[in-house]
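Below is one structure, written out as structure tokens; comments come after it.
We call the chains A, B and C, going by the order they appear; numbering starts again at 1 in every chain.
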Amino acid sequence: MIPVDRNPAKTREARLDALLLHQEVDNFNAAYAAALDEQRLTDWAEMFTEDAFYIVISRENADRGLPVGLIYCDSKRMIYDRAFALEKTTMFAPRYLRHIIGNLQILGEVANGAIRARANYVLIQVLHDRPEAKLHQVGVYHDVFRRIDGALKLAERRCIYDSLLVDNALCLPV
Amino acid sequence: MIPVDRNPAKTREARLDALLLHQEVDNFNAAYAAALDEQRLTDWAEMFTEDAFYIVISRENADRGLPVGLIYCDSKRMIYDRAFALEKTTMFAPRYLRHIIGNLQILGEVANGAIRARANYVLIQVLHDRPEAKLHQVGVYHDVFRRIDGALKLAERRCIYDSLLVDNALCLPV
Amino acid sequence: MIPVDRNPAKTREARLDALLLHQEVDNFNAAYAAALDEQRLTDWAEMFTEDAFYIVISRENADRGLPVGLIYCDSKRMIYDRAFALEKTTMFAPRYLRHIIGNLQILGEVANGAIRARANYVLIQVLHDRPEAKLHQVGVYHDVFRRIDGALKLAERRCIYDSLLVDNALCLPV
């Protein structure tokens, strides 16, 4: 769980490289949040690798190793299907969403140069017929990034949310 | 919408420069939030250029191109007037405010070295006569920064908030 | 209150050094939040120096110079005692906590290479028997870091929270 660039024995060059990687993932997460906040779901789907794994699962189920999640996709095709369905066919109450992604940690490299990371997220929702902003979901992303043609993509994003129940109305990815 | 430093073809030097700029804007936003959180409104006004444009406007109106906002200032003089009025003359219920500014994206340079950026914000309020912290406003800053005598200043900050209604009591800038 | 790396006269090398330090503190805070969010309280206690000072105090009392806080520890032993008591002996309603730490500012070096910093925090709580996530506490960390065997440790963390009252149930550190 120790972030890679806290090792004091590393050279300055290695620490700057770690910093560049941290910034690159941070930028990725900011762009990810912007795509969802602006409901550009096709752009969102484009941020995953072909074989990406994407789930939204309760902390309770994740802690017990239970696989059942609110959303489960094991390929970019499934992610696209969901984006397409939401954009073109699903009926749901109009709302605004706003992500804050913070506390990013780069946890290290795994096989083949893939990068493990985690970050906390807060998702705030405003329904169009209600004046108040509400905490919709809070949790943590457990991620694996891979580089495709030079750009980072999500090979895995597990969104583990703290709330035990979620509004029936949840239909958008986080 | 792609942040400038995600281009894999860029040299390491260019990526480090992008990182320094990102950090500089991030520091600016942290200082901006601290000035408002500590109600140092003159310090806040000092963070803008002479010809600065500052508005607080609903996402609904911004999306439709309607110009009407909660706050509208088209010069630093107007921003100072507001700061002065709030500090010296306005009556409002005492409260604490706390900003979290996250998801910063540097979107690129525009004419004359000015820098376009965006960031999400959450503003949390505690009224002195109520125990609970509440989400007061969430939204996005659309910014243009210019460098004056070496230091960044805001030439433009559009605060676009998600909530459809805002408490009558809103009187402080965001 | 001006962050150290906003000085335009500094060399590029000095600005990169400031960036590395900023990142190191940011990583520290992310690891600190993760330790508390995952209720690894012994890991949390390990992040302080032997002579560390840790308090959780209301903004009202802090502003008036009153020392009374919700939590007061003036050594790592006291911090460990609290961690041990919470993990082994205290009864409290099960809950999930999630920290977002943002707006980090490195304020400069004090005596002996110690580093002053501040950051805003939001603590969101989900009680296991209630579905909704709630804002539990918001505030600011006023910190002093020292380097012990190369790694940053907290020599001082003053958690100053905005809310005027805090749930009786508060028993975990922030």
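The criterion applied here is as follows: a residue touches a chain if its C-beta (ideal position, glycine included) is under 8 Å from a C-beta of that chain, and two chains touch if they have at least 3 such contacts.
Being a predicted model, the structure only gives us computed values, none of them experimental.
Novice: Please decide if copies subunit A and subunit C contact each other with the same set of residue positions, more than half shared, or with different positions, and reply same or different.
Specialist: Different: when the shared numbers are divided by all numbers used, the fraction is under half.
Novice: For the Cα fit of subunit B against subunit C, please give the angle of the superposing rotation, nearest 5 degrees.
Specialist: Superposing subunit B on subunit C takes a rotation of 120 degrees, nearest 5.
Novice: What whole-number Å value describes the gap between the mean CA coordinates of subunit A and subunit C?
Specialist: Result: the chain centres lie 25 Å from each other.
Novice: Touching at least two other chains at once: which residues of subunit C meet that condition?
Specialist: Those would be 16, 19, 100, 102, 122, 135.
Novice: Quick check on the complex: what are the subunit B residues that touch subunit C?
Specialist: 16, 19-20, 23-24, 27-31, 33-34, 37, 96, 98-102, 122, 124, 126, 128, 130-135, 149-152
Novice: Subunit C touches which residues of subunit A in the complex?
Specialist: 1-3, 5-6, 8-9, 12, 15-16, 19, 22, 59, 100, 102-105, 118, 120, 122, 135, 137-140, 162-166
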